[in-house]
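I've put the structures underneath this note.
The same subunit A turns up in both complexes below, where it pairs with subunit B and then with subunit C.
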Partner chain A sequence: MYLVAVCSCPVGIAHTYMAAANLKKAAQQKGIEIKVETQGAQGVEDEITDEDLKRCDGCIIASDVKIKNSSRFKDVPTMSFTVNEPIKDAEAVINELMEALG
Partner chain B sequence: MQMADMIDERLVAFDLDAKNKEDAIQKVCRMMYDAGKVTDYEAYMTGVKNREKEFETGMGNGIAIPHCKNDCVKDAAFSLIKLKEPIEWGSLDGEPVDYVIMLAAPNSSDNVHLSMLSKLAVSLMDDDFRDSLKDATDVDQIINIFQSRKEE
Partner chain C sequence: MAEIQRKKQKSLGTVIKDAIMTGISYMIPVIVGGGVITAVAKMMGGYDIGNTAAEMQTLAQVIFTIGNSLFGFAVPCLAAFIAYAIADKPGIAPGYAMGVLAGLMQTGFVGGLVGALIAGWFVLQMKKIKVPKALQGIMPIMFIPVITTLVVGLLMWYVIGVPIAWLMGIVTAGLTALSAGSRFLLGAVIGGMIAFDNGGPVNKTAALFVNGLNADGFFIPTSAKMCAGMTSPLGIAISTVLPWSRKKFTKSEKEQALSLVILSCCYVQEGVIPFQLKDPIRLTASICIGGAITGGLCMMLGLESPAVHGGMFSVAMTSNPLLFIGLWVLGGCITGLLYSILKRPLAEGAEDEEMDNPLI
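Moving on to the complex of A and B:
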């Protein structure tokens, strides 16, 4: 299982990175590989590449704003969340995607 | 640069008296202004309040991280404010807030300082870091907590 995620928020200094940290932590605890792209005030970091897109099983968008380059994910099963959801409970977010993927 | 280097004693308090969220935001914005971190008190406070309107910043566990990125911010900064009494904030876990970490970010591409603010926000997701920060009773303790985080 390989998941990708994009986190973003209006100001891009706090919630983006908190959500990213929580998704990584929850994935690690579940033994799932994840790559989390952050679109914040520091620009785009850990960008999801074409290679990631080919290999990934699903995508989590955790954002309160329109993310950059969202059309990348058109062929990937994608679920959208607010940026607060993984901050509150990242495991639940990952579980929801996993259940949808079946 | 480390997070501990950004601790400013003028932005640290252990018993701030705030009647409610509005009052807390005003007081901490004033501290930011008095410490010279922001050049325009009103503009900065409006920015912080607008961000709260979009999405309230109570992140749970009694901590709120109001913030704003604005031209009036001269130097990136954060406050570490323990409140005398918990207040309602509109938190993710519905619990009142007794610790206010206000972040001020300049509208620049100064990634070093921005990344320090983000690092602090991320550190707050760590139970041990958060608990020891809230238990700290003086600035030296806080510096130690920040420095031990760095070594992880």
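Moving on to the complex of A and C:
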């Protein structure tokens, strides 16, 4: 199982990175590989590449703003969350996507 | 996007909120940059340099003009990226137009916001129109910007903008004429909301209002917002070192105190969230009271902050840096003291569990 995620928030200095950190931690505990792209005030970091897109099974978008370059996920099962959801409970976010993926 | 629908769908309200937040996220560097540069010019050349800046004789006047040229983009930028969030790239051009139009009509940020939402929606509808293949390519670069800007622009100028301009006139006149008591009340509401959820929806609602007023040139509510927001991390840090409450915190919580002070100096409230999740009611009550008192006093004393972000790095730009620091520390002490009393002691033999704080 390989997931990708994009985190973003209005100011881009705190929530973005807290959500990213929590998603990585929860995925690690569940033994799932994840790559998290952050779109904070500094711009895009850890960008999800075409290779990641080919390989991934699902995508989590945790954002309160419109994310950059969202059209690249058109062939990936994608689920959108607010940025606060993974901050409160990242495991539930991952579980919800896994359930939907079946 | 191969979007999987969740059980609860995104409501229209969420779509609009996300669009506004996108606009704000692009506007923030503009108002911070422009606000700080004009504040530097004010420090160099006196507080009313804005009236004489057009002369361009002194360095201060030139710096003011540079800062102002960035600041002038605040509302257009907000509007452009609200429309972008709704309608993607074709929304940007009409959005900019609505922002500039809002400035000309004296409708402030509210006018830009409403105009951009309508423009974004209009572009979205135009994108649905089926056109012959030969015309498809020039739809987004020719027909969409021309028709959207013209139709929504005329609509704003003759219909929707009029009541907004009237309303903003009342709000701005009201804000400048507020009595000390009502200023305190408004500041306290702003401060309490800013402190309430540390960057969550309530905080963002208050910040939207304050940043919008800042983009329209009202700098007093901004000090209430920033100063109040800075009190929460400081307050929690204080409560971890007070002698009677030290034992109520775990070791890893106490280790975060210094980092919380640094976060507070940078006006990053979010470091408080891990504490808030653990003990929501008591902690929220403490930070709200501290924030409300600081925010209220900021507005009552007429403290101006042209910069909407920056914490300690923009204190020098405020109209009274010492007062700002004083109110910040005061609010922090109130929050810290309250929480040190309200917080429950650690349970007997409680595990010293590791607390993750991704910001630290």
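Just so it is clear, the second predicted complex is superposed on the first by the 102 of 102 C-alpha atoms of A that agree within 3 Å, B and C clash if a C-alpha of one lies under 4 Å from a C-alpha of the other, contacts with A are read in each partner's own complex, and residues count from 1 in each chain.
As a convention for this text, contacts are C-beta pairs under 8 Å (C-beta built on N, C-alpha and C of every residue); 3 or more make two chains touch, one makes a residue touch a chain.
The model shown is predicted, which means the values in this text are computed figures rather than measured ones.
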item	value
Clash or fit (per the criteria above) of subunit B with subunit C on subunit A	clash
Contacts of A:N95 with subunit B and subunit C, given as first, second, both or neither	neither
First (subunit B), second (subunit C), both or neither touched by A:A14	both
Chain touching more of subunit A, residue-wise (subunit B, subunit C)	C
Touched partner set for A:Q28, first subunit B, second subunit C, both or neither	neither
Touching partner for A:Q42 - first (subunit B), second (subunit C), both, neither	first
Subunit B versus subunit C as contact partner of A:I87, first or second or both or neither	both
Partner chain in contact with A:N69 - subunit B first, subunit C second, else both or neither	neither
Intersection of subunit A interface sets (partners subunit B, subunit C)	9-15, 17-18, 20-22, 25, 41, 64, 84, 87-88
Residue numbers on subunit B that touch subunit A, as the complex places them	51, 54-55, 57, 59-60, 65, 67-69, 92-93, 103, 105, 111, 114-115, 117-119, 121-122, 124-125
In the complex, subunit A residues that touch subunit B	9-18, 20-22, 25, 40-43, 64, 82-84, 87-88
Parts of subunit A lying in touch with subunit C, wherever the complex brings them together	9-15, 17-18, 20-22, 25, 41, 63-66, 70-71, 73-80, 84, 87-88, 96-97, 100
Touching residues (chain side subunit C, partner subunit A) in the complex	1-4, 6, 10, 17-19, 21-22, 24-25, 28-29, 84-85, 199-200, 204, 268-271, 273, 277, 309, 356, 358-359
